[in-house]
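Below are two complexes that have subunit A in common, paired first with subunit B and then with subunit C.
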Partner chain A sequence: MNHTITDFQHKMAAHCESGTLSGILNYNGLEITEPMVFGLANGIFFGYMKMKNFNFPTFFVRIQPGKLRTNIGKRLGVKYYSKTYKNQEEATQELDALLLKNIPVAVQVDFFYMDYLPSWYRVHNNVHFITVVGKEGSQYLVSDCYFPELARIEQDSLIKGRFAGGLSAPKGFMYYPTLVPQDPDLKKQLKIGIKKASFNMIKLPIPFVGIKGIRKFGNKITEWPSFARDIENLSHEVMKINVLLEDQGTGGAGFRYMYATFLRQASEILNSEEIKEMSKRLMEIGDGWREISVFAARMGKNRDLGVDKLRVLGDMILKRADVEKEFFTDLYKIVK
Partner chain B sequence: MKEKDIQVDYKEQQMILYAEKDDNSYGPTQTGSYMSKNYLDDFQLKQKHLEENVSQKVLNAENSMVYYYMMIEDITLTELAIRVGLKRSDVEKHITVEGLKKATMKTVLKYAEVFNIPVANLFQIVATHQDRYWKSHYIENEEIENGLYIEQRKTQNPFVVKTTIEHTTS
Partner chain C sequence: MESLQAEALKKEIKELILDTLKIIDVKPEDIKNDAPLFGEGNSIGLDSIDSIEIIMALQRKYEVRIDDQNLARFVLQSINSIADFIIKEKEKQD
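Right, the complex of A and B next:
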């Protein structure tokens, strides 16, 4: 099979799920930016937990994978065709058939098998999203937001990625939109999205999410040495704070810069100076997260990982909890 | 963050960050990875030390190659068990030499599939040109000595990989 959807416009994006979704909605006639997808879908979040699938405690800075798509469906009235598979051959055949009909298809994959990306960058992570836009012989052409141009991947590697096991296994998941409203009423939905995001950050009664999650992160980081097998392992995990906040598809500062951009765009649609001011505040809050990223990277590199230094890092994180509590409380009041 | 302050010159890993532009608007900007540009060598050094450490355990018969790949690919016992479709306690046995002796060939194949390696590599430590596709600390100059390198090609047979010595000029 040799077929490429030539009018699909590949664009890099900060985050795979929001970037894939905005790309596929743009293709289907709805002009929407990545920050707008992220913000409308109340993507911003925080959580800190120790899971048995990970050796170390981890934190996350966005809502559950897949929720951006479903929330955009609810907010904008977008309908999707989505499917998981047990049979790899059936999944491949259906994908090929859709490509022949000029339908770009978003698929969920394990990032590790996306071998067009540098090997140091790839980790086992089952919630990476890409858009398949063509096939030439044994290779698929894919639009991956983390890659500057359309990438080629062997069918074998794509299948491995789509059917990797483990936590959040993709099970061949794919989707494409079947109904995309061209002129949705954004004003009401923007307020709902902002309110929900603020609620999640300040009001969820769960001790490890939202502002409580940031506080838990700040308080617990001094315990990290007890999880490490050696100093290099601890260094690696502390440096991963930078990777998780900056490099792994957040747009910088753990999505704070992207959400600030969303608020700026929302302020223009809602004609709200208040929200414009909030976008500026969040950009500054993001700078504090970036300082944490840089500080963690330097600590790790210098193997300066004593409890005193970890406490300094923890205090920087706790300061973010304070300013974000004020920020999201004020934001909630504005849209309430 | 101002756009100019966020720019990093590193073409090997490009990314999108959001920043404040010169005209005070906010928007995306393409840049290189700060982390990879400044700290990739440190990451690769740590990975190299880890590999030396786990290789030694394999050579000393303390652990099997399942352990080797589990550590290098940074997968926990629990996660590996789910990916292979076994109980955690089974995988715990398979990371030892004695435990792996009792694994079925079907299970061994499954491990190879999850690690994305030829099954033969669960029974040998071999540095090949194909390491570039999975090893996060792959450094080309170290692998190629005197213009020679080991090439490993998959075959239709899931048990067999064709391994040859190649010359960089060939």
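Right, the complex of A and C next:
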């Protein structure tokens, strides 16, 4: 089979899920930026928890994978066809058939098997999204937000990626939009999205999410040595704070910069100076998260992991809780 | 004249990087303008943590934002690419 969807516009993006969704919606006639997808879908979040089967607590800075797509569906009236597969052959045949109909298809893969990317960059992560836009012989053409141009991947590698095992296994998951309204009521939906994000951060009655989650993170970090096997293990986990905030396709500062960009774009649509100012405020809040990220990385790298140092790190995190509480309270009032 | 300004800016960026990262055994003139700052062939041993510190230092000194790591990967390739980015951002601000 030799067929390429030539008018698909590949763009790099900060985050794979929002970038893939933005690319595929643009192809279907709805001009929408990556930050706009993220913000409309109330992507910003915070949570701190210790999961079963993991020695260390972890934190997350966005809503759960897949929710960006479903929330955009709710906000903009986008309908999708989505499917998981047990049978690899069936998944491949259906993908090829869709490509022949000029339908770009988003697929969930294990990032590790995307071998067009340098090997040092690839880690096992089952929740990576790419868009398949063509096939030439045994190679697929894919749009991956982390790669500067359309990439080629062997069919075998793509299948390995789509059917990798483990936590959050993709199970061949794919989706494409079947209905994309061209003129949604953006003003109304922007306010709903902002209100929902602010509500999640300040009002959800769950002790480990939103501002409460940031506080828990700040207060509990001095307990991290008790979870560690040894100093190497502790250092690795503390350095991971930097990775989760800066290196996991967050757009920097744990998605705070991306949400700030969304607010700036929203302020233009809503013609709101207040929201424009909130965008600037969040950029500055993001700078504080970035300082945390560097501080934690240096601590880990230098094995400087005493309780006093962890307390300083904890206090920096608690300061973010204070400023984000004020920020999201004010933001909620603006759109209420 | 323009190229003299660009050369001065590149020297200033090198000093800023060495100062920010407290690298004392390398002089600004030891860093080639087109040499990679990260990855293979990296002459001064920088890593991804250093990159965030450099981004923050550039932001403070030149009031330019590099919010996104994908953008950072391109901007922080070499002294030349950092200087080009700063010049372009300053032109946008003027």
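Things worth noting here:
Heads up, the rule we're going with is that the second predicted complex is superposed on the first by the 332 of 336 C-alpha atoms of A that agree within 3 Å, B and C clash if a C-alpha of one lies under 4 Å from a C-alpha of the other, contacts with A are read in each partner's own complex, and residues count from 1 in each chain.
Please note the rule applied: a residue touches a chain if its C-beta (ideal position, glycine included) is under 8 Å from a C-beta of that chain, and two chains touch if they have at least 3 such contacts.
Note that the structure is a prediction, hence the values are computed from the model and not measured.
Bringing the complexes onto one copy of subunit A puts subunit B in a clash with subunit C. Residue by residue along subunit A, subunit B and subunit C are tallied for touches, and B comes out ahead. Using the contact criterion defined above for the overlaid structures, shared-chain residue A:Arg122 touches subunit B, although it does not reach subunit C. After overlaying the two complexes on the shared chain, residue contacts for A:Thr131 are found with neither subunit B nor subunit C.
Using the contact criterion defined above for the overlaid structures, shared-chain residue A:Ala164 touches subunit B, although it does not reach subunit C.
Of the two partner chains placed by superposition, subunit B and subunit C are both touched by A:Thr261.
In the superposition on chain A, contact is made by A:Arg290 with both subunit B and subunit C. Under the contact criterion defined above, the residues of subunit A that touch both subunit B in one complex and subunit C in the other are 12-14, 145-146, 239, 242, 246-247, 249, 251-253, 257-258, 261, 283, 286-287, 290, 294, 297, 301. Subunit B contributes residues 1, 6, 12-20, 25-28, 30, 33-36, 38-40, 42-44, 46, 49-50, 73-76, 78-79, 82-85, 113-114, 116, 132-138 to its touches with subunit A in the complex. Interface residues of subunit C, counted against subunit A in their complex, comprise 48-49, 52-53, 55-56, 59, 65, 67-70. Within the complex formed with subunit B, the subunit A residues making contact are 12-14, 19, 34-35, 52-55, 112-113, 115, 118-124, 145-148, 160, 164-167, 169, 232-233, 235-236, 239, 242-243, 246-247, 249, 251-253, 257-258, 260-261, 264, 279, 283, 286-287, 290, 294, 297, 300-301.
By the touch criterion stated above, subunit A contacts subunit C in their complex at residues 12-14, 145-146, 239, 242, 246-247, 249-253, 257-258, 261, 283, 286-287, 290-291, 293-294, 297-298, 301.
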